[in-house]
Amino acid sequence: MMNDSYSYTVAIPLILFFSFLIIGLAGGKLKPIVSGIFGTFFLLISTALSYYTAYSYFFVDGKSNGVYQQLIAYDSLWLQFTDKLQIHVGVLLDPISVMMLVVITTVSLMVHIYSLGYMKGEVGFSRYYSFLSLFTFSMLGLVLSSNIFQTYIFWELVGVSSYLLIGHYYERPSAVAASKKAFIVTRFADMGFLVGILLLSSFTGTFDFLKLTDPNGSALTQGSAISFLGLSVMTWSMLLVFMGAAGKSAMFPLHIWLPDAMEGPTPVSALIHAATMVVAGVYLVARLFTVYFFAAPDALIFIGYVGTFTSLFAAVIACTQTDIKRVLAFSTISQIGLMMGGLGVSGYSGPEGLGYTASMFHLFNHAMFKALLFLCAGSVIHAVHTNELWDMGGLKKHLPVTHIAFLIGCLGISGVPPLSGFFSKDEILTAVFEKNKLLFYVQFLVAGVTAFYMFRLYFGIFWNKQREYHTKPHESPFSMLFALIFLSIASTFVGLIPFSEFVTPDLKPFTSHIHWAIAIPAIIIAVIGLVLAFVMYRKESDLSGRLSGSLGILYRAAYKKFYIDEIYLFITKNVIFKHISAPIAWFDRNVVDNTMNGIAAITNFVSMRIRAFQSGQLQQYAYVMVSGLVIIVLVALYFMKT
Amino acid sequence: MEVVLFYIMAGLILVFSVLTVTSRRILRAAVYLLFVLIAAAGLFFIQQFAFLAAVQLTLYAGGIIVLIIFSVMLTSHVSEKLDAVSFKKASFALVACIAGAVVCISTILSYPFPKPTNGEVDASMKAIGTSLLGYKENGFALPFEVISILLLAAMLGAIIIAKRTEK
Amino acid sequence: MIENIGIEQFLILSTLMFFIGVYGFLVRKNLITMLMSVELILNAVNINFVAFNKYYYPENLQGHFFAMFVIAIAATEVAVAIAIIISLYRKIRTIDVEQVDEMKY
Amino acid sequence: MTTDQFFLMRHEILLVAVGVIVLVMDLMTTPATKHRIIPVAIVLFLINTIIGFLPIETGKIFGGMYRTDDITILMKNALNIGVFIIFLQSAEWLKNHEEKFNSYGAYFFIVIASLVGMDYLISSGDFLMFFIGTELATIPIAALVAIEKAKIKSSEAGVKLILSAALSSGITLFGISLIYGTTGSIYFAEVSKVFDGNSLQILAFIFIFAGVAFKISIVPFHLWTADVYEGAPINITSYLSVISKASAFFILIILLYKVFYVIPEIRNNILYATSILTMTIGNLFAIRQQNLKRFLAFSSIAQAGFVLLGIIGGTQIGFASVVYFLLIYVFSNLGAFGVVAAISNATGKENIDDYNGLYRTNPKLSLVMMLSLFSLAGIPPVAGFFGKFFLFMSAAKQGYFILVLIAVVNVTISLYYYLLVVKAMFINEQENPIERIDSDMYTKIGLAICAAGILAIGFFGTIFDFINSKAFGSM
Amino acid sequence: MNNLLWLLAIPLVTIFVLIFCNDKRQYRLSAAFGMGLQLLYSFYLVFRYTTERSSGNIEQMVFMHEYKWFDSLNIVFTTGIDAISLALVVLTAVVTFTGILVSWNMEKLPKEFFISLITLATGVFGFFITIDLFTMFLFYELAVIPMYILIGIWGSGKKEYAAMKLTLMLMGASALLLVGILGLYTYSSTDVNLLSFNILDIANANIPVDIQKFFFPMVFIGFGVLGALFPLHTWSPDGHSSAPTAVSMLHAGVLMKMGGYGCLRVAMYLLPEAAKELAWIFIILTTISIVYGAFGAIAQKDLKYINAYSSVSHCGLVLFAILMMNQTALNGSVLQMISHGLMTALFFALIGMIYERTHTRDIRLMGGLMKIMPFLGVCYMIAGFASLGLPGLSGFVAEINVFVGAFMHTDSFHRVATVIAVSSIVITAVYILRVIGALLLGPLDVEHEFETGDARWYERWANIILIVSIAAIGIAPLWLSDALIKSLQPIIQKLQ
């Protein structure tokens, strides 16, 4: 449905594209801080527009007859394949995209402001800001997509911005490697996504979200009938699309890039690898939820399992990591797993859609508190110049604001009421409980583990033993603290938003309540985790060491991230490089090429061998002539018809 | 009469031909060749081509053979014997030649030659003269003229080659 | 009469002579003897021409003249060839054909 | 016969006149003035060449022994141009070998006489003129081949040429005698009426074919070619490889199209096999050659193989494309030989290795050489491309696609060795490249004509159209 | 002024002027001026073409002119363009012009260099504007031969071997092609007097399927070798890596496109029945090409080799798309040709520039160049992103067209092939990022003293022109793609 009154929304991303171009092209000649201010300023405009959009959509005219409308605010033909199959670039406004607008611009703005302090004096400051603009542009473009191909386009663009930002410190080999890994792993996933799109479009004949997700439309029924290897084509295509989502959202086993991505500047981790880009997968599944639900329910169940497994898996690893950003990264993976789990169990209409709502709610909350946690971590790193948990300790005196903010974040993620995480996690657990008990128990366990590792971090950094620091740690500058404070406040209060009034799978609001029967055990297990962490890490003790020792191989496996990286390394280095690529190169040089050289060599060889004919002997020449003549005569007379 | 003569001539030709190409003394070979040529002239004669036979005798036997003998004497000793032909070379050549001869002869024999027309050939000097200078059909004025150019050019060529250069 | 002989016999004779000449050309080591073999070949041809003329086409003298021109040309050929052979002999003091192989391959 | 008819032989008469004038003038020169004969001969020949282009009647004289038509005249003009270029290129050589010639007149006369032989050959209307033309074209030239008295190779080449030519003419004559015996005539017109393709006639045809094939250097009658080309003085080599070969091709077509047209299968099969053999073997031998004359000899063998593709179908377009190709071939091959001659005259170097770095010192020579080689290789936009293309096209039109395929593969192989020469001149470097050569004016003009011909002929489609309009197909 | 012969006249006049120039300044100025003019003229043609089309001209080819050449053979030099050829003409003009800019400082025999380069370009221009097979073939060979000289004289490494191999393989291919063309000519009409080389005429001839099946492989392979069809691609890595910068640009950028164009215009358009029957063989080969080239690129250490193998992969995609025979895929193939032409030209230009400064092309010996030559580094990254199909750059547009088009086939053979082809985007990412990582990023290798100094003005402009073109297509593909689709209709109709 076209809606002209929102057509300004197209400017929300575009402003940032221009910001990217301006800063990128002129960046070298501007003073670094000017670039930063430019970028922040442009983003501020976008943020204002987004907030205005959110306000008017949710509270003024987004609903019609009690149902949220999906509005096409802007639409233009970008590429035409056939008369029917076209790529449009447009702006689709519906509850989740508007919500994402708010999330992205908010977190991005905070990161922009934060970075003014954090990145001060760094080489490549302008570059950093231009890439931040590029990222924000791409991310906004992604969430506003009206067309699955548009999603793919921006999907790739966020990937590349992520690549560029992870590799910000391009002189560090580890950063280069991490950026490369991130790109390639997500690219691999995107291949699935692309094939999924191809499959989807070839059966539904459209890329358009509105047509695809119309529950009464023809798109959903086509393809469901055709099956391949026991699953309907629709299921296959949706699984492939999920592969893309899993790559971006770091679902097992495509999660390996995310911890490494922490090589990027910490604000980038906060923005991209915690709050926005990594949840793009969740967003994508939510965007196509109708399709999943109606046409590919098997895929949806699969997503639920994958999400839940990932969440446990990552949570366990998080307990053993000592790099604070990596802990946060695994925590992110774990939380996204929860969101996926929520989506996987969701129903479609009314309260059955709680999983969906909860998942989006958690996404929203998670963005806030995870960004907060990362920015705090940045602040800590800024102060002590190390990422290593055991090189920190006793910082609560030195960094009071960061300390409080971090605590808020930890409480938030652990699901302690009344902070935001509590509400969304409760809803997810409720939804899962109603659908699948096994997943529920896993997620329930994850909640506890989450509290444990978060507070392990918290106590490790801020309590524990005072360490020797090269320079005395000091609190960060105001620009950074502002972001911390803002996000702390946000994390504290956003949980109170009645999300089911706004975001539901069938676009019809419903009212949800806190299910205390599930909430209370969840709180208890979180507190247990918290206390355990308190006991172990409040001050220096060998308790943790003994515990990890007693877990033995399990601990080591978790510490080594269950060797997934090594498997990948084996596949890439040993299988692909050594046993595919190098042999192909060898084959090309030696077999294919030598065939060609061989033809030349044979020609030369023959040429050498027949040279005896030209012996210089006149009589031999004559002999050849005569015998040639005789042979021709013989053949002509006896073997040819006349 | 002609039949007997023919067979004698044919026999002579074949025998001396073979001797020409096998004799290891060059001078003798030249003489054998002379016999062949004379025998061939005899063949022409019995076919009533007297003029041609005469030409054959004077030009060939008188001119060419003399030229050959001179050059033989210039380039080798009279008593010199040629080396024997290698067996390999000879047998290869023999195979080719016999094959060629067999093919040719069998083809000739398979050809249904008609009965000869019993027309008399008018090979009188007059007829020859008219034909040689005739420029209509069956006149040979043009080749006659052209061959004069050939003779001149060949003569010039032979002279410039054979002439010793002054050092 | 000559008609009793049969054209085939002339032809066989000339063919044999021709191939004897060819054989000589192929095996004789001396350049001059090769030249002689060529003469055999040409003579064989002449026998053909004359016989055909006599047997079948007596109304004109094509074969006869052909043979005559062949003789004339054979003469020039021999003249030039001998000139060349002698000039070669002056340089390498031999006229062995097997040694005339400076250029090969 | 009226005088007008007599002047149907204008080309030959003029040539003889030029030859005789040169010879007579030569007799009148003293050793001090004898070099003046060179410009005189060249100018006279140029006049002759130009007159050759004037319009002329066509027809038959001498009872059909001599016949001309437009395409024959065209061919003769082409040969005239070729010989004119050869004369230009030989001026320097003649001067360098002053002591070897008592008179230059003999050289000019012999070449002209040989050319007269070729003119008669391509105009011949009977086997006698065919035979005499062939011999007139060959025997005097054999003398010239052996003319370099200081070189053994030259005599060796002469011996090889004249003896193998004698053998081949013996073979041809044997064939002719059988044709005469079975058809009763030596006139082409009569023979073609009676010729019916019985096995004796086929035998005779093959013998005659072998004789012509010897002249064209078709495998397996080609072996003399390389040795003779290498040993002969370079201008004679170019004469042999261009003029002699072109005229032999022409008469081959006449024989195949006008006389022996009733046996197309045999003709096509023989041509099919020999053309494949010829181009392949020519190429395989050319690959290894170091001596440029020998190299060009093998390359010209290969070229002959390509030309057979035009003849094979017996079509008018094939005939036209052969003549067109030969016209181009005259310029291309003479261009290449001209450069080789210029360098050989100045330095005596004839090996490919000697040409390393030639472009740095002699860019113009290198460029002419490159153009000629590209033309021989059939690279556009130089004329050789068109020549080859039309040859292949005429074969393709008859459905000989496999043959064309083999031929074009051979073109690729040939490109390899042509490029080797280009590589030597342009890419390879050596410490002592051939120093700068200042050729005389004649050479320059000769090369310029070649280059102009190579560059221009392809772009004027009317030339081909003209040839095509005059050509004819097998009956 | 819409006479297409200008496209030949301008380069020829430039060559003529160059012959009479006599110092380096004059050479490069006249070359740049000539090719600049050519570029402007090609833009003017785009303008004229659009106006012509919008004024309702729906002829298949516009600006057609016929020049009688060999009348008796019915060989008529016919020029004419549609959007496909026009796009490639513009591509050629861009690449040639930038090639000249890149060779601004050519030291060795500059005159000869520019003349050969422009001769090559003339061949390419001629190839794209003719619509008769004879002239097309002529220009094809004309374009190949200067390559030999260019690589042989100005190349590096195993230049002589590479030049010879390249020339022989391409000429060998043209041998096949020649037979194919002659076959098309022979069967272009049932009336011997009406045989024609004109593509439009041949398209109307109903060539029997058996005949088509005989000639299709010849034509397709003949052009396919130039388009680096596996396993006949081996000329390409050696050739590219030995060639001087501008030549690599032209070669990979333009010359290889002649292969794709020829396959499309001649093989598919004129032999549609055989194409339908035999496509599967070539689909297999091109699919191998795509993946094989990409894997091959991973293992390379020399920058030019990497790019050469990447070209094998990308050009494989062009042919792959052509064989898919529907509108979208064909459109994708043309877009891919243009896109690959631009980005590979950019790549080679950059490699040349980097080589000039580092004197090595071995990625193991370099690192951290971003630090000392940021402009070139950024350009290289953009080229890399274009190559791996990043949206917003031309490669993406082309690739999705190819993939979507290929996937429209509903049988599993095509689909499996497509999925394999799609996998190349990952492999491409691997080698591109590997190069970027090893070359530009990481710590600066201090052991080797690289000449510092970022791009000079002419290098900057060369890069900027190419990047702008890449981005223009990538961001707003619709105008180009629409024009192409319209021009593709006749071909598609034959293939339906």
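Chains: A, B, C, D and E, in written order; residue numbering restarts at 1 for each.
The rule we apply is simple: contacts are C-beta pairs under 8 Å (C-beta built on N, C-alpha and C of every residue); 3 or more make two chains touch, one makes a residue touch a chain.
Because the structure is predicted, anything quoted here is derived from the model rather than measured.
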Treat touching chains as neighbours: how many steps, at the fewest, connect subunit B to subunit E?
2
Neighbour overlap between subunit B and subunit C returns A, D
Based on mean C-alpha positions, which chain is nearest the centroid of every protein C-alpha shown?
E
Most remote chain w.r.t. Subunit E, using mean C-alpha positions, is B
Compare the CA centroid of subunit C with every other chain's and tell me the farthest one.
A
Could you please state the distance in Å, as a whole number, between where the Cα atoms of subunit A are centred and where those of subunit B are centred?
101
Distance between the centres, which are taken as Cα means, of subunit E and subunit C, whole angstrom:
65
What's the distance between the Cα centroids of subunit A and subunit C, rounded to whole Å?
96
Length of the line joining the C-alpha centres of subunit C and subunit D, rounded to whole Å:
27
Considering subunit D alone, which of its residues make contact with at least two other chains?
128, 132, 135, 139-140, 142-143, 146, 149, 158-160, 163, 167, 171, 198-199, 203, 226-227, 288, 416
Where subunit A touches two or more other chains at once, the residues are 600, 611, 614, 616, 618-619, 622-623, 626-627, 629, 633, 637
Two or more partner chains touched - positions in subunit B
89, 92-93, 96-97, 100, 103-104, 107-108, 138, 140, 143, 147, 150, 154, 157-159, 161
Dump the list of chain pairs that touch, please.
A-B, A-C, A-D, A-E, B-C, B-D, C-D, D-E
Using the touch rule from the top, collect the residues of subunit B that touch subunit A in their complex.
89, 92-93, 96-97, 99-100, 103-104, 107
For the subunit A and subunit B complex, residues of the former touching the latter:
619, 623, 626-627, 629-630, 633-634, 637
Would you tell me which residues of subunit D are touching subunit B in their complex?
1, 16, 61-66, 99-102, 106, 109-110, 113-114, 116-117, 120, 128-129, 132-133, 135-136, 139-140, 142-144, 146-147, 149, 158, 182, 187, 198-200, 203
Spell out the residues on subunit D that touch subunit C in their complex, using ranges where they run on.
127-128, 131-132, 135, 139-140, 142-143, 146, 149, 152-153, 155-160, 162-163, 165-167, 169-171, 173-174, 176-178, 180-181, 184-186, 226-227, 230-231, 288, 294
Within the complex, subunit A is touched by subunit D residues 159-160, 163-164, 167-168, 171, 197-199, 202-203, 206-207, 210, 214, 219-221, 223-224, 226-227, 263, 265-266, 269-270, 281, 284-285, 287-288, 413, 416
